Structure formats: C-alpha cells, structure tokens
C-alpha cells in the first residue's frame, strides 16, 4: 500500500532526526532563546535577504495564522481572504475564535484577484456606513494556495500594491512555501516574495519537519511584544530547540529547497503519468498537489493499493481527487502508481 | 558549565528519539488518528486504570490549560486557582484571552486549601448579587505545584469532594505529573489521582518528551467535539505521530515513571548536599524542584560554573534560588555541584 | 424637510413617554427585577401564547444578536445566516468579536432558502473533514429581512424543520418584528412565529420605543444563567424599568401592533404613489421599507425637500433608494412626498 | 416604605423627561450623529475644560468599562485595578470576556495606593520572566470608589505620574462622578480631574439620567475608530438622541452638579442622624453612599419601613449596611428615617 493522501504522512527528513539525536543532551535555554534558534534565525534572514527581519518559530499552521493575524489586527478589524482560503475553511474558525471576521473574496483556482481586492476596498471606503462594518485590516493569501496554484511575481506585486495603497499589511501563508518556490512555474524567489509582503511564514510541517513554521516579519516589523502574544496563544514551545534545530537543518546547504524540488519533480512525473493515460485534471497545478479526475471504476482499481483523497463529486459522476507528493515520496511509488492507473 | 535552571534544558529521552528514527518513514494518517496515537491512548488508559477514558495529545502546557479550561467552562464562568497557580501567573493571560476570569484563592506553598475553597463557594452562593459576578465553574490545581509541593490523597479527595458538592469539575495540571507521583512523599498513584478529578494531563515536555501533554478525561467525559476545540485553539498537530510515538514510548515498560524517579533521586541527593552544608530552604519540596537560599557570596562562587534560577530576594539580602533536576540529570552533575557549594 | 431615511428618526410613541413621566418617581429595584418588567413579561407571554416563555429585555439589536447567539452556541460553533443578514454585514463583526463565525448562505431578497440550508447541512455532515471546520450550531434569520421581505408560515416551518432535523436552534431577529407581522402579506401571527423557533426578539427601538428589544425563549429554554451573560455582554440596564415600562406600554391594548399597522399603511400608500407615477422598485417589499428606483434627475428634484437613503447605483445609472415609514410617519408626509415625485 | 438601597431606584430627573417629551417628534439622524449629541458634546468639552476632547455616549457602566478598556489595550495587555474595583468584582467578568486580565492591587477603602502601584510596575519590569506574564497596559480607578471614598487631587496626580512614567494610560470610572466632585471632601474640579487622566466617563445612570455614560478622551486621544468598537461591543444606540438629550440637559445650567450636590447634602444629613444616635460607620465616606453599622435589633426596627442594603456581617454579629442617597432623595425621607433609627 502506498499513499499520496497528503504531504505530512511521514516523519521528518532524516537529516533533521540526525541533528536532533546529535544535539540531544546539550543543555540550552528554553522558549526559543537557545543558540540553535539563533542560528536558524540568522540563516533564514540570509535566505530571505532580509537582514532586519524578525523571525519567530511556531508549531503549526492554524496556530500560526491565528497568532499572526490576531497580533497584527486591531480589535475591530477583519482579514480579507479568498473563500477557499485555509483560514476561511479548514481552521475550525480559529481566526474568528480570536475575535476577527474573515472577509471573503471570490477564489480563482485558489487565488485572489488583485482587481477584485481593490474593488472591494474601494467600495468599502466609499460606503458611508462603513463604520458599522468590519474594517478590512489585513490581506491573507497562501502561497501556494490550497489548490496548489501559485501567484506570479506580478500578481503578488499587484496585491501588495493595493495593500500599500490602503495601508494594510499583506500576510502570506507559506505552509507549503517550499513547494511553491520550487515549482517550475514560479517566477519569484524567497527574497523576492519577502520583499512583497509584510509577514509570511516558511512552512516546516509539510516540508520536511516534524512540526514548525518560521514566521518572518521582513522589515523587523513584528507586532509589539509578539513573544508574549505567541505565549498567550499557546504557541510557545518550552523546548524551542525542537524548532530551532529543525529550521537550522532545513536552512543548511539549501536543504529546504532541495527537498522541495524533489517533491515537485515527483509531482510532475505523477502528472505526466496521469496525462499520458488520458486522465483529465480538475485544475492545472504546478506544485506538489495534483487533482486528476477519476471514474468510479478507476477508483475501484486503486482500492487497497493506493491511498489518496477524494475532494468532490462532479455532476457527471466522476470524482475530483488529490494526489500529493512530498520531500519523502520515493520515485518507486510513482512508478508503482503508474502501473496501476 | 552545568545547569539546573529547569527541567526542559535537554532534548528527549534517547528511547524516544530512537523510536522516532525507527518509525520515521512509516506512512500514517495525520491529526492524531494514527496507530501510534491509538497505541499510546490504550497504554495511558491502562496506566490510569480508566478504561473509559478519553485521551488527547496536545503540544504544550499553557496551550493545554487554555484549551481544556475553555472547553469545559461555559462562557460566563471562571476557573478557581491559587494565586501562585501557573494559569494565574505565568501563562500571559492565556485563560483570560479565551474570555474566562481566573478567580484566585490564597496559596499555601503552592497548594489550595480545601476549606478555603469550600468557604469561597459557600460565600459566593450565599451572596444575593452573585449573578453579577463571574460564576466559579471549575477548579484548577497543579500536581506538583509551581513550588514543587504535592497534594496528599486526602487533600485531593477533599478538594474533589467540594467540587462534587458544588457540581463543578476539578482539573489537574500535570505538567510535572511524573515528578509528583514519583516523589517519596506521594501517597497516591496515577490511577488514584485519575479517580479523584474530572480532567488532568500527563506532562511530557518536562518529563522526557520533546513536547507533548496527554489530556485525560477519566470517565470518557471529554467536552463535546473536543477535537474541533483543539484545532480551534491552534493545538492540533498535523503530524500527530510526533506526540503518539513519544507517549507510546513513555508508557512502554514504565519508562515515564522510571525516568521521573531518577529525577527525584537526583533532587533528593541535591537537597541532601545543600542541607549537609547548612543551607536553608525556602520551602520543603519533595519533588524535582529545590529552593535553597543562597547568600550573594555563595551565588558568586557558583558564577560561571553552575546555572540555576534566582526567584526572589529576601529582606535579609539572601536569595531564593531554584535548582531543578530532570530525567536527564546525571549523577555527576550533582557531585560536581556538591563540590562547589 | 421631511425624512424617510429610517424607522428610528423620532423618539418614542407618546404613550410611552407619558408612562415614563407618570411612573418616574416610583422607587423600584434595578436590573429588570422591578414590577414594570414583571408586568411586561407577563403581557408578552400572553401575546406570544407561550406561558412558559423566558423573557429578557436588552437595549439594542446588535447587542441582542451577539448576546443571544454567543449564549446559545458552544465555543466551537458558528451561526448560519444569509449573506445579507444583519449580523453578517452591519454589526461591525460583533458575533465574530464573541468568537463565532457567521457562516453565510445565499440571500434571496434577504431570505434564506430552506432547501439550500438543508443542502449545506447535509454537505457539512457528509464531509469527513468536518471536525476541522466550524460546526454550524444555530440558524439566524430576520423577520422581516433587511430588504423588508418576510417569510411565509410555510417557509418558516421548513427552516424550522431543518433545524429540528439537525438538532440546532433557530433564532429570529425581530428588530422590525411588528412591521413584519402587520404586513398584509404576512400569513402568520406572533404566537405562530413563536411556536416555530427557539428564540426570537420583539424589536422595540424601531417600533415605537426609545430603545429596547424583548428576547423570548418560547419554551422556557433560556440558556443557563442568561442573566449573567447579559451582564457580561454589557447589555444589562441598571434602570431596567426603562425597558419594562416601554414594553409594558407597547403590549397594553395591542399598541405594538396598532402602531406597526400604521407604519405599514403608510408604506403601502407610499408604494402606491411611486407605482402610480411609474417608478420601478428594486424589490417587492410588503413591509415598512420600500425600494423605489430613481434617476439622478428624480433625486435632484427631491434634494433639500425629502431625506431618504441611497443604497446602490444600478449599471444603467439609476439609483436604488430606501424609503422607510414608521409608527411616527404622518399621512401628510406621504401626501407631501406624492406631490414631489 | 422608603428606600435607600441605591442611586438608581427612580427614573430620570424631571427636566430630562421634559426635554425628551418636547423634542420627541423632531426627526434626527441616528447613532449619535444628531444635533442633540453635538450640543451635549460641546457642553461637556466646555465643562471639562478640554476643547480638544473626544466625547462618546454609551449606555451603561459595565458596558463602558469593557468597551473603553478593550479599545485602549493591546491584545496581550491587562488592566490594573484594586481588588474591590467594580471591574474586578461586579461586572460578571466583562473585561476578561473581552480577553484581558484584571490585575489586582490591594484596596485601601476602595482606593489604589500610588506607591503600591509603582512598586508593582517596578517589580514587573524588573522580573526577567515578564514576557511570560500579562503586560500591565492600563490603570483603572473609580471616582468615587465602590466604597464612596474619593482620591485627593494629590493622590490622583501621583497615580497619574506613575502612569506617565510607565507610559500606560489612566482610566477613571466615573459612574458616580458627580457625587464625588460634589463632595465637601473633594479638592478637585471636573477639569482638574480631566487633566490628570487619559480617559474617564461621566456617569449618567446614577446621577439623574435614565441611562447613559459620557466617555471623555480629554486630549482628543480616542482609540482609532472607536465608533466601530462601540458598535462591535453592542454599545451603540440607534436612537443616540436618547443619550444626547439627557447629557445636553444635565450639562445645561449646571444641572449635573446641582443634583449631585443635593444627593451629597442628603447623605451628610443622613450621616449626621446616624452619628447623633451613636451609630458607628464601617468607613468614613464623604459621598452619597454611607455605611452605618446596625445590630440585628436595629435592622428589625426598620423592617418593612425602610429599604437598604446589607453588605456583610461583622464577627461581633452586627451588620455593615449601605444607605445611598441620590438626586431624587427628598428631605422628608431623611427625616422619616431619622425618626425610625
């Protein structure tokens, strides 16, 4: 049985485990103030080209989104996202739990349209009753999106420009950031992304770590006393080393990008196999999530041999499925799958 | 340089790392639905003697306290704790952040007095203006307390009896549970503790794990849809295996208690060394945290050689210090310390 | 200058002011425990045909929605509303401020479609990932809606049936309840409405009172300790008499319905005048809010003579306007308007 | 039967009712944007000597405290109050409901000691673990206090100085402000108070209004978009005129202070009567709340003739009672009481 259900079905990249073992008995301070975290922060500043950046390590994606958004917003503000955005759909209302509305715009294969964003903001500020409504205080996008798509540099710039114009920050959810940047379709680098937003995070959980997300405020613009906010949100690890060591390893010798590229290579192979056999795709994804459309019969053929996710049923009775690769996907699994489909 | 600053300065017990490495490439489901978590849950049910228990794995202590308390309370209720309780002092207001007041009673070396608890509740319910006040909806104690002290079985029973009488649940913060139960002063077992409260957690972070706390609702009395609450609080790990494997290891062959006992053995030795040299103690702790009182001169003598925490200054100019041992403290460190004090 | 901008531009019905003056120096208890409130509660129980009802008096609409919804939901639940619902649009995110997502369904002239509601709930419960999403814990509708439309008895029943099927309560925002029930298009009475929901409120602010909304839990099903929740939400008046006297007056001699009927009579006249002159309407409203479409020229003609609200601009350059009548609208104002349009 | 139970047992000052009646049918805008509110704001600016002030009208005390405190604090901050402060005791946890801890200092007859405040802040900022605790972001005091006592100008200055030193705002709860300023013991004026804090409110509910509290930010320092915060907290009245007219009346011809002085005159008479008869007082209050100590026999003698509050029982079996006067207390009631005690 092989599985393509998601990108967090294995543990951590072996190099990470090796480092955890090697450093295990070294006594260090808690709460992210250890030298592993310091080292990881330095490497991330360099990799992002943001020498002034503030970098914090949190544990998981939903937690990171809620903590960052809540800390950056004022009490009466909400965050704009597309209606398929992770915070709008699959985080159990963690943002609303913190008191903030998620204001939704249409999703275009998971992406926000810069023109629609501007139009929304124009309309809001032009409406004399706006003080009776939730103030749009921030924009949230994910890179890549929940549908595996990515923004071009120009699109990101356009969204950022609107944010600058309306004086609200842009936050990029990078739970799968590595897979986005490693995509052949990507036309921007990590530092180029960092320069076009006010906060983002580098996802570890889905890209080789056991857990962990590195939050970056590129211009040293962390919200005041963000450490305390992290603690208050229950997101502070006593053994911060667990995160520091992992990100230090991931940002040594380009490991983060190397393993991300592997996942993309496997995804492209997988796509080719499906395409060669004449399968259609629900959407054209250039990253590690692929969405082939399967008939019931095709699904039955894989039953008990391959795991994957079924997302939805089409009116014609076929199914939208998701096959995800990761840093851990062996070439053999793709080959095995190729023989089964 | 040796350190006694706290019980989370090293990584994880080597057996845990070994298991993480061995199981690393096994593909499993996320979010705690994997077989490692299942196995850990089964072992914890057995160890607690609660075959009907609901068991959940969360990441850290503050997070666990906030999530459990918020899920068990109604909106208008608060939680009773002693004024030195961790939730009242050192969690950045995480409980209040969730909307609930921490109602404080006096601390007696970190412990709550059952009689004072009853008195408070009697007074509250006898006050005709009580609907204008925060309803005391839960009792929170820690075992051991923030001062290393522990409740006797009788004291725990008395507190539990008051809770039963007033129909409010008792929640035990067990961030250092192992060290409490392993203390020579403890007169109750894990299952005896489990039988005398409505919820508690078995601390992993401070007792051998990289991170992780196992929340137990002994009578299968988890709040409705607690899984969703965990997610909403940002406390759900995608790679739940990280927690499952750790707790499965800790509850195999009694490892959790063995390593806790080691920490206690070391603490008792440490205490003896200080006592033999004539040091006084701020408080008589039977667990892994010891509070010797040092003069400035004595502190200077340790400078650069031993790390420990300074808690407060006494009126006479001496200092209350904290020396903590853990599962990882080697006997040699105690010997070294003995020569320095 | 005459105004039709909304239904809260005047003070209170004169009978209310008279009663406030007459009773002014009578000494009574605070917080709604006075005999005026008792009397008003008794009259409302009778008028709603709910002898077991729990009745509470709050101050304003947004406050009432947030307080009731927050008290009826569990922490991890959200409330379903149409996307034009007041709580979704014009309450500054008061529901999210309390921690709950407003889950939106399409709006059909302000109304929720029972079939779409069922479909949403079916889909939610059929999705295996639902524990990662906000649990739909309640349905919110307004009667009449923000567009002046009303549910038929059958439609209300259908929505209620879905709620019963999914075991979630139905809450009816009755900020303009009187105007809805007094409409010639209404085919249900107050007691028939009360029998088909789990909570609703009788709007006072917009139907003759200075302020005040009477919340009714028809089956005595108020959330536990709702009084404390009201206080916690800042919604408890020290001088509860202000609300008690007003509702006691409104529910004496059918005053609430008499004055609501007057508003409807005036609205129907107003509509006829516009219709007779060939104006189109944005939507066919049977209640006190009317939405004639005006050209720029027609707007200019009214400038400085009549106040009304402009809601939106149509693609053809014309404007959707809102003209609202109320208990206070004199017949002469309609006649004056008729001469101007 | 006469009552001294509190200062909100009657309706409103007759002049207010008169104005409500006179202005009733004037059509005005909602939400506090009417000319009555404008006029009241102008008069309050003049009375407080703060020409740059921002003035807002809210409905009740608990609501005002929660709204102002939540809007002025950052997410991770708490508010410092004495342990008898209204927000700490009698507001059902409304401040914690909004996510903020109420940090308590000792109460000295209801007052905060400036030296203890400084000591607390010094200790907090000197503690290296402070980022793990709730940041003290604001100071709350009440004038007069819940025990009827008042701060001298010097005491207020000292507290304000500490706030300035630590760069945190000082907020004064003036639910009974008039009674404090009208006290013969008061050595400061309204404008002098306004100059020594960052926000305060002028209580209407307890000083002649049906409801209403006027929040003043003396230096035009209202939190950004405070209007929206008011709405979000459910504190915005659609018919803002109700508050505007009341405060406009109270600040015309010095009415607010005249009626406050009357209450104080009656309280001083009442105190003299008790003192002349040899009664002791629990505390020496210079304002409208008096706390004579009664035996059971003395209580029995008043039974059925006079209403008052019993606050607590002394160890010797006697009772601490509260007798409150107000703008509405007639001289005859004092005389009647004098004959009964």
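Lettered A, B, C and D in written order, each chain numbered from 1.
Just so we're on the same page, contacts are C-beta pairs under 8 Å (C-beta built on N, C-alpha and C of every residue); 3 or more make two chains touch, one makes a residue touch a chain.
In this text the structure is predicted, and so the values were computed from the model without any measurement.
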Touch-network distance, subunit B to subunit D, counted in steps: 1
Of A-D and A-B, whichever chain pair has more C-beta contact pairs: A-B
Chain whose Cα centroid lies at the greatest distance from that of subunit C: B
Approximate Å spacing (C-alpha centroids) for the pair subunit A, subunit B: 33
Subunit A and subunit C: spacing of chain centres that average the CA atoms, whole Å: 42
Between subunit D and subunit A, distance of the C-alpha-averaged centres to the nearest whole Å: 50
Of all residues in subunit C, the ones touching two or more other chains: 75-76, 91-93, 97, 99, 131-133, 228-229, 231-232
Sites on subunit A touched by subunit B in the complex: 2-3, 5-6, 8-12, 14, 17, 20-21, 23-30, 59-64, 66-67, 91-94, 97, 205-206, 210-211, 228-229, 231-239, 241-242, 307, 328
Contact set on subunit B toward subunit D in their complex: 75-76, 78, 89-93, 96-102, 129, 131-134
For the subunit C and subunit B complex, residues of the former touching the latter: 31, 70-71, 74-76, 99, 131-133, 135, 224-225, 227-229, 231-232
